[in-house]
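Heads up, the next two complexes both have subunit A, just with different partners, subunit B and then subunit C.
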Partner chain A sequence: MDIIEQIVSGDVRTIARILRDIDDEIPSARDILRRLYRYTGKAYVVGFTGSPGVGKSALVDQIAINYRKAGKTIGILAVDPTSPFTGGAILGDRIRMQRHFLDPGVFIRSLATRGHFGGLSKSTSDMVNVLDAAGKDVILVETVGVGQDEVEIANSAHTTVLVTIPGMGDDVQAIKAGIMEIGNIFVVNKADREGSRQTVRELMNLIELGARRRNGGNWEPQIVETEATKGRGIEDLYGAIEKHRAYLLSTQSEWREVAEKRAGIQLISVLRDQAFKTILKRIEECGDSMDEMVRKIVDKESDPYTIVQQIIAKALK
Partner chain B sequence: MENVRKLRILVAKPGLDGHDRGARIVARAFRDAGFEVIYTGCHQTPEQIVSTAVQEDVDLIGLSILSGAHTYSFPRIMELLRENGAEDISVIGGGIFPLEDVSKLKEIGIKEIFEPGAKLKDIIEWVSSNISPRGAVVLRK
Partner chain C sequence: MDIIEQIVSGDVRTIARILRDIDDEIPSARDILRRLYRYTGKAYVVGFTGSPGVGKSALVDQIAINYRKAGKTIGILAVDPTSPFTGGAILGDRIRMQRHFLDPGVFIRSLATRGHFGGLSKSTSDMVNVLDAAGKDVILVETVGVGQDEVEIANSAHTTVLVTIPGMGDDVQAIKAGIMEIGNIFVVNKADREGSRQTVRELMNLIELGARRRNGGNWEPQIVETEATKGRGIEDLYGAIEKHRAYLLSTQSEWREVAEKRAGIQLISVLRDQAFKTILKRIEECGDSMDEMVRKIVDKESDPYTIVQQIIAKALK
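What follows is the complex of A and B.
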């Protein structure tokens, strides 16, 4: 069996190695991704976002149980932050998903942001594609959890679940910008805590405000209260996710719109990445020195804009 | 631009031993040394550890154990790695080991054992010098 066949048939070791090659930006991985692409498009992707400590991992763990009961196979991508100072990372989301470790129907991969912003890693979309091609029915993506900036997940997922906890008070107001628009489902986790009902009310208000801004689409964001560690409210959350999926599938145009959005974002991302690498390679081939360019900038012999114009002109020759 | 891989290490505690402070400290030290650490904590069975190691494609498994259960869990883990075609994943141990067991463990393929008093600096240096990311020619953090 060649690599593509191995991945498509779900071979764990091969999948794990390709995911690593993607993460480490090994050139051969690009070719594999290209050949795998035609096998993608069947998986349903659900993104979980929200501040650190709100319980995303616990929710992913619980939702996975439900999908397994329904006979679906699952891929889980859990993203944690890379230390900007050391380049290292502690990837600890797996701890909350231990019950799935020995289930061959669940593939869990922990990844670090490696300097990327937006809540995901640069590799996340590519890894989603691999797990999709490998036949996973559902892919759950858990973002890093720095809160407000994490709109990126909405571009890779079909359904985006935004998780909060009671007592975040000002934070609920603060998340108005951007986040409210991307959430299809809102979860108030640790709902046994004080302030839970108030948080739900605040979310309802924000959703109503957002309704006027929402450009078309008849999906009304759902709010679910949960206690992930106790398994409370999980059935409701699962139900809401499935309801959103049914909604997207019910109209060809909605589904198509989501597919186009995801494809568009990925196209730009790959283009940006490849174009940059190609140009850098060209600079190297021409024997030009980046250090020299920097020197010119600092000595005011040139400026970044002129230099970049020259680089691009040379690269396109 | 070279393609360098990041070292991925699984830190786990097999068996019933719940004292995880040492494991957490070492995990943090690995992070501070620039490695990516998958930390799965306590109460891991050998089967769970190997399954995690394979899915996460780690280069090294660091087992923390203070309870003496290494005589079962370590050989079992080595056996499972072989069964899964993952013998290329290195394994080290940290914690409390009777002196006479250390050589036995190395005989079954445990690359190194770190006992109480081992300096973090020495552990990091050992890893940096002895473990390379899979398929890499040059090791870099």
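What follows is the complex of A and C.
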């Protein structure tokens, strides 16, 4: 069996290896991704996003269990943009693997993007494609924080679940209003804490506000209260996800729109990444040294704008 | 007076206009940035980062007041990557402007990057350069979330302040360990809440852990407990920032290292951005339509990897 067949047949070790190669930006991974692409398109992708500490991992694990009960195979990608500095991702994987240890129907991977300077959303799309081609029915993507890359990752899911907890909302309503619009489902986790009803009410107001801005689409965002660690509300959340999926599937135009949105995000991500790498390679071929450019900037002999203009012109000549 | 002289002399309306042009990616802004660059390098840049709801804005405003008392002029940049979807940034500016309304020594701007797909950190660097050239003594940059772009923004400050609150730490210690290493100062805000001492202890452990990994540098990260809304602990935080500044200035090699790190980040950001724009422009000149590419991907006539390979090859021919 060649590597494509191994991945498509769901071979865990081969999948793990290709994901590692993507993370390490091994050039041969790109060719494999290209050949795998025709096997994608069957998985349903659910994105979970929210600040650190709101309990996303526990929610994702619980939802995974529900999908397993329904006989679906699962891929979990936990995107932790901070992990280049740490061994946290590997540690996290180990802890979570123990929970699903005996279940070959769950594949878990924490994404520890080593590459700084962007590329996070691209790697995630690539990895989703691998798990999709590998036959996972449902892919759960978990992103830390509310950064730009994270918004993009959330946007490239079929269903986006926004997770918050009581008492975090007070002074950030104005800011939050922004990210709220990407959520199809809102979860108030740790709902046993004081202020949960208040947070739900605030979310309802934000949804109403957002409804006026939304153009097209008849989906009314759902709000679910959960206590992930106790399993409370998980059935409701599972139901809400499945309801959103049924909604998308029921209207062919919305389904197509989501597919186009996802393809567009991936196209631009890959293009952005490759444009940079292509030009960087040409700069290296020109023999220019980054250290020398940095020195010139620090010593005020030049500035980043002029230098970039010069090296791009030279690289593309 | 030409536009450069107006900015350098601190003209508020011209500064506001160039910042807006940068945000809107008006091409002429690049030329102005290039010409402004020689006036930069005098400002001290302090980055504040942390999850939504931890009270960064209140802290930044309080620190601004302290610097004002010391006779320094201030620029505040609040980076809110979620605001493309909303009017939140403008609203936030209005609220905050009222607080410093009568003080011409404080310039506040919320960065509502409209451009999705990266570029957040570049715009921020560009705007810091403008405020630096405009003669602001201290520039306070506030970033929401812990995304990759935000880490980069935090990294491009002289002093990075990491803000958290009690009770957010429990289940994310492993993850947090990563971002902790970029912090020069750690703030536990809302320190009146239960568990503040516990959070301080956890931070102390993380710092100790991080110390073993750090290569070079003798700065021992400081931990400060605050209640920003009551002004408690602000003097301590102000003192810690000034102590870090004095530390950097006392060792020429560290100061140089920070300058090189900042220049390197900016160089790569500008390069990444311009590489993408240059190639995008060439693609457009080739007459290729993005919509048609997206359609081909959705209809499985091609895949993003092949398409990107083809259009880059064609664009650079």
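We take it that the second predicted complex is superposed on the first by the 251 of 317 C-alpha atoms of A that agree within 3 Å, B and C clash if a C-alpha of one lies under 4 Å from a C-alpha of the other, contacts with A are read in each partner's own complex, and residues count from 1 in each chain.
Here is the rule we use: a contact is a pair of C-beta atoms (placed from the backbone, for glycine too) under 8 Å apart; a residue touches a chain by one contact, two chains touch by 3 or more.
Keep in mind that what you see is a predicted model, and the values were worked out from it rather than measured.
Novice: Would you sort A:287 into first (subunit B), second (subunit C), both or neither based on which partner it touches?
Specialist: Touch partners of A:287: none, neither subunit B nor subunit C.
Novice: Does subunit C touch more residues of subunit A than subunit B does, or is it the other way round?
Specialist: Residues of subunit A touched, subunit B against subunit C: more for C.
Novice: Is A:16 touching the first partner subunit B, the second partner subunit C, both, or neither of them?
Specialist: Only subunit B is touched by A:16; subunit C is not.
Novice: Determine, under the contact definition given at the top, whether A:109 touches first (subunit B), second (subunit C), both, or neither.
Specialist: The answer is first: A:109 touches subunit B but not subunit C.
Novice: With the two complexes superposed on chain A, say which partner A:25 touches: subunit B (first), subunit C (second), both, or neither.
Specialist: first
Novice: Would you sort A:71 into first (subunit B), second (subunit C), both or neither based on which partner it touches?
Specialist: A:71: touches no partner chain.
Novice: Do subunit B and subunit C land on any of the same subunit A residues, and which?
Specialist: On subunit A, the residues that contact subunit B in one structure and subunit C in the other are 82-83, 86, 88, 91-92, 95, 280.
Novice: Any idea which subunit B residues touch subunit A in the complex?
Specialist: 1, 3-6, 8, 27-28, 30-41, 44, 47-48, 51-52, 54-57, 84-86, 133-135, 141
Novice: Can you name the residues of subunit C that touch subunit A in the complex?
Specialist: Its residues touching subunit A are 30, 33-34, 37-38, 41, 51-53, 55, 57-58, 80-86, 88, 91-92, 95, 113, 116-118, 120, 144-152, 167-172, 174-179, 181-182, 256, 259-260, 263-264, 266-272, 274-276, 278-280, 290, 293-295, 297-298, 300, 303-309, 311-312, 316.
Novice: If we count contacts the way the header does, which residues on subunit A are in touch with subunit B in the complex?
Specialist: That would be residues 12-13, 16-17, 19-20, 23-27, 82-83, 86-92, 94-95, 98, 101-102, 107-110, 112, 114, 277, 280-281, 284 of subunit A.
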